[in-house]
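This report concerns only the one structure given below.
Letters A, B, C, D, E and F mark the chains in the order given here, with residues in each chain numbered from 1 onward.
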Amino acid sequence: MDVKDNQQHAFPGDVHPTASGGILVSKLDDVINWARSNSLWPLVFGTSCCAIEMMSTASAKYDWSRFGFEVARATPRQADVIIIAGTIVNKMAPVLKRLYDQMADPKYVIAMGACATSGGPFFYNTYSVVKGADHVIPVDVYVAGCPPRPEALLHALITLQAKIKAGDKREKIVIEKFVDSN
Amino acid sequence: MGPASLLVLILAAVAFATAAILLSKLVLKASHNPVKGETYECGVPTIGKSWIQFNVGYYLFALIFLIFDVELIFLYPWAVTVQKLGMFAFYEALIFLFILFMGFLYAHKKGALKWM
Amino acid sequence: MEFSLSAIANQVDTWLHANCASWLALTIEFVIVGLLCIALFAVLGLVLIMMERKVSAYMQLRLGPNRVGPKGMFQTLADTLKLLVKEGLTPNGADKFLFNLAPFIVMIAAMLVLAPIGFAKDFVIWDINIGVLYISAISSIGVIGILMAGWASNNKYSLLGAMRSGAQIVSYELSAGLSILTIVIFTQDMSMGQIVASQADGWWIWKGHIPVIISFIIFLIAVTAETNRAPFDLAEAESELTAGFHTEYSGMKFALFFLAEYVNIFIVCAVGATLFLGGWMPLHIGNWADFNRIMDYIPSSVWFFGKTFFLIFVIMWFRWTFPRLRIDQLLNLEWKYLLPISMFNLLLATFIAIQGWYL
Amino acid sequence: MLQEVAQKETGDLVINVGPQHPSTHGVLHLVITLNGETIKKVEPHLGYIHRSIEKMCESLSYRQFIYSTSRMDYLSAHINNHACALAVEKGLQIEIPERAQVIRVLMDELTRLASHQLWWGALAMDVGAITPFFHAFREREVLNDIMEETCGARLTMNYMVPGGVMFDLHPNFQSRVKDFITLFKSKLPEYDELVTGNVIFQNRMKQVGFISAEDAVSYGCTGPTLRGSGVSCDIRKHHPYELYDKLQFTEPLETGGDCWARYLVRMEEMRQSLHIVEQLIDNIPEGEFQAKTKAVLKLPKGEFYSRVETARGELGVYIVSEGGLTPYRIKFRSPGFSNLSALDHMARGQKIGDLVAIMGTLDLVIPDIDR
Amino acid sequence: MNREELQSAITALNADITFEEGGEYLTANIPADACRDIMQALHNLPAFEMDYMFCLTCVDWKTHLTMVYHLESRKHAHAVVIKSKLDRENPEIETLSDIWRTAEFLEREVYDLFGVRFIHHSDLRRLLLTDDWEGYPLRKDYEDPINMIKL
Amino acid sequence: MFITKYLSEVFGGLRSLLTGMRRTGYYFTHHKNIITQQYPNEKPVLAERFRGEVVMLHDDNNEHACTGCTACELACPNATIKIVTKFDLTPEGKKKKAIDKFVYHLELCTMCNLCVEACPTGAITMAPNFEHSVLNRNELTKVLNKPGSKIREGVE
């Protein structure tokens, strides 16, 4: 059996693609991306165990404020990144979608831990778990672990920073998709 | 620099705010989706209206404030000259404040200062 | 040569009048003042937010921002830039005009209070002769902006936050006013310049005895409440109302509230420093002529900013130590403790002033 | 008079708190009816993290299902695993080696400490003080390191297995726990300085969220919530498991029934847990850390119920076995579920700020409630 | 009371009660229609004073459903398990939420996951699942081809 | 007395507030208490038991000890491991079962250690790697046996 076939078998349903491409040339975009990547304010959003490790990441020993991430906002209007820390169940999925939709652009998503990445421990024989948060909203960075240790979350944030700096201009793609669908 | 400076300050504030808000409109093309403009309430649709007739408790404090703020305004000119006027002004203010304090006690007794 | 802001200002003034028509010179001066104020706002925003983050970090056993730029200096710059290019949403259900007007009101209120503040010796935008009254009056305009923002958002959290803020700010206005009044009684003048001048031989906190110390403490508490800072941050109590009155604001509109909050802290601390700690007056101790001369060498602007930032630090210290009060406790504190005490304190101060029991 | 006017003239505000809200500690959804700031009704809506663990366990073997319970009450992961292991052992009638028992009790108490530390920090954060949260995590990280060294994970350890524990203790374990005891004893007075003694904090806690002893029992509250109302309910005392009947510790009781009483109970529980750890850390007997069990576990037909005391209260594991490889039905009686049902009772007539404090002192872990 | 005394005392309440052998707790099978009276007696009579319900759940036996109540008395330190058979097609039983208030939520949960209707329950709605959910997932024959991936 | 009670309340309250401020002030001025580890610059020291991901042990000859017995696959609670077997021809010409691919779904794995416990030959173990963030979820699905690797002689 091929790994790829297995993959498709394992994750049924539509997966929301993340924006990609869009090469930037101007210096202004470089500066903007530098600012965006260094100022990722997370939304206070933790559903289960991973939320505790997210709190640990904020705590003194790991201290994500060194990267400027500590400005956790409780309202999605002011947040830049949703860290999906924990399982998303069918009842929660519309809420997550709504929160994501209500965020101001540009917005990013990190799927933290096995549950948010793929359903994790609750993949099989459960009737209420969404098999991966990317069935609900597009996810930029996946980080495995159950839960990932705080350094792993920091690594994910650094990965996201690198992605932003590399010049993915999300809002452009989103708009194009929106225009196409109309 | 005189009163004109106040106009300058207002203009500066407006210019600053306008420039800052407009810049994002110029640089960013935001995405649209149907629920983006809806009221945020912890990720679930809101129940009922937000613009309702609101609890009177908050306004009571504003009313009481008004009385005491007027008192404060009266006290300012008094404060400037009280040293020159001497003890007479002191007793006057004592009576003034005493009457106000009685009012305060009355309001307190009526429960206007109790939060509900 | 001694560094003096007023000397520079005078030179610029003379040069402009020598080279331009007087109306043009005046216009250019106004533009310069406007730009300087905007620059002050921007710099204050950057510096104070960085300071807050570092203060909180050290109190919480961590390092704080240290990766963006040298020692993390550019962290707030990155935040500001990001907010500049972030989408500023206006909710569908909101009262759009008021919603967009509110940040302007808050900004204008913050900007206007700058006028009578003496940043250095003879360096003031407009030394109004009723300076302290002007400050009390203008600083309460800000609450209108907050009420406007909360009401216009059409969001229940915002509404509650704004209502709380309204009740809170008007209440604490009183004891702040009464403690300012204590100083007015001693100086017999309401102009900020005269108040600073009256402290040439010693700051009021030293020579005013107990009443001034009490009113200083009350002033600190009251202005902490007036600027909606923890432990009085009920208007934006995060664990209760998500983000309070600015829940629906995003991008730069939110940033303006954020900025105004910090500028307001600066302003109230500047007022506190002027009234109680002698503004730009250097520290003079009695007859120590040598000591006093050394102190005089330090530029007056350094004195002013030093004192102001010390007070700002104290207010930040409050924030990172105390739990938040509940709304009824907050009002209890004002109406049952601060107001009676400051009224009593006012009488005490008057008595001492009339008897001349101060230096 | 004014109160009457206020109540007549104004409308009620219905507010959603949660699922995404900083003070609900997860995804609890409360629909609150407010008049002004006063709460008239709180209606909890659950299920935003209902992961169907009970259904899932029906298709997992007795060795496998234990790991999923770490994800229920993740703050008491060890104790959850312990309860499951106890239920399976009851069915298999295995005797646990003494060393394994001591290790289990030690781990349970360290978990309780870690959980209460997090609760303390989170409660302080809920009432608006942010710094204590970081101070609490300083000690918690030390505990996490100890856990990681022995169990291999920081939060969801899956360390207890039927018959004992998965690995032996790490050689450094004893010395590091002793270091931790010294450290924590020196830091506990700081907790009091920062939070317990603070006048604002005390005012936020006292006379808030009152529940009487009868009501609390009727609502099925357990753990510190019930002990705060003055009812002794510690499973470790009343139905001792493992070594608890041989250990010296007291069950803290407060009669206030308000948030302050619950706060004091938990603070004292930390000291008691520390006391238990102190008693055991020098007396870990040599021997096996795991009893010999078959590779494939089969429980006999019947019903097995085990009760343990987690950091939040009584956890019951009810296994119905048909004699197969997997449980026929498994039910977790979670402490948070019953404690939450009393929330409406506690919060009526209080302010919004109080609701946050009440939820903080109930120490809700939502995945534990929804399962 | 010890186990035997408890058994005889409970037998005195209703003649139809049968007891199961073995098990950790004394287990009594009671008829569903007498459930409420027996429970009321267990809660109120000073001999029992079962003031604490520490577990309420249901088991699907494919042919029928069984309600399982775990009761304990804090005063007398005795515990009893009460079981009651229900019809699988139309499961109905009187609510106990006014006797033990914890039952209110626990019964809602059982209604949600097993479909047992509790008569006179003040607020019988779905608790954990969405209101428009179909079926009762903890029943053994529950199938959900979309969400449930069988191993 | 009312006045004394009032004053003692005020002063008691102030004192309790100052106690708290002294504590935070102490930490503000004593920086040696800072416990931050600067992660990307300082790599954390992890316990050797830390469970970050499942790895298959290969020796220098690119040989492993996995017989493809699927004990781990059966032990895994959520089917993280899929073993794809093939038949190798031994030098004697007999068919012998061997692993083709040891597919490991890291995105599903909960690091419960049950597979390692179940493995009769000690072929797999838990490694303390934690830097698992990727931009594409499929990258988390791994094949643990290295290309061209063979089963070690003598392992049954």
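A few points about this structure:
We adopt the following convention: a contact is a pair of C-beta atoms (placed from the backbone, for glycine too) under 8 Å apart; a residue touches a chain by one contact, two chains touch by 3 or more.
Nothing here was measured: the structure is a model prediction, and the numbers come from that model.
Contact with both chain B and chain C is made by A, D.
The greatest centre-to-centre distance from chain E, using averaged C-alpha positions, is reached by C. If you tally contacting C-beta pairs for each pair of chains, B-C comes out on top.
Note: centroid distance chain A to chain F, computed from Cα atoms, is 21 Å. A separation of 29 Å divides the Cα centre of chain A from that of chain D. Separating the CA-averaged centres of chain C and chain F is a span of 50 Å. The centroid of the Cα atoms in chain C and the matching centroid in chain D are 45 Å apart. Looking at chain E, residues 128-130, 137, 142, 151 sit in touch with two or more other chains.
The set of chain D residues that touch two or more partner chains comprises 13, 15, 19-22, 37, 47, 50, 52, 55, 59-60, 67-68, 131, 133-134, 138, 141, 156, 194-195, 198, 200, 351. Residue positions of chain A touching 2 or more other chains, listed in rising order: 32, 59-61, 63, 66, 74-77, 91, 95, 99, 104-106, 121-129, 146, 149. Interface note: chains touch in the pairs A-B, A-C, A-D, A-E, A-F, B-C, B-D, C-D, C-F, D-E, D-F.
In the complex of the two chains, the chain D residues touching chain B come out as 1-3, 5-6, 9-21, 29, 31, 35-38, 351. Touching chain A in their complex are the following residues of chain B: 27-36, 38, 40, 43-44.
Within the complex formed with chain E, the chain A residues making contact are 12, 90-91, 123-129, 131. On the side of chain A, the complex with chain B involves touching residues 28, 32, 75-77, 95-96, 98-99, 101-102, 104-106, 171-172, 174-175, 178. On the chain A side of its complex with chain F, the touching residues are 1, 3-4, 6-7, 10-11, 18, 60-63, 66, 114, 117-124, 132, 134, 139-146, 148-152, 154-156, 158-159, 163.
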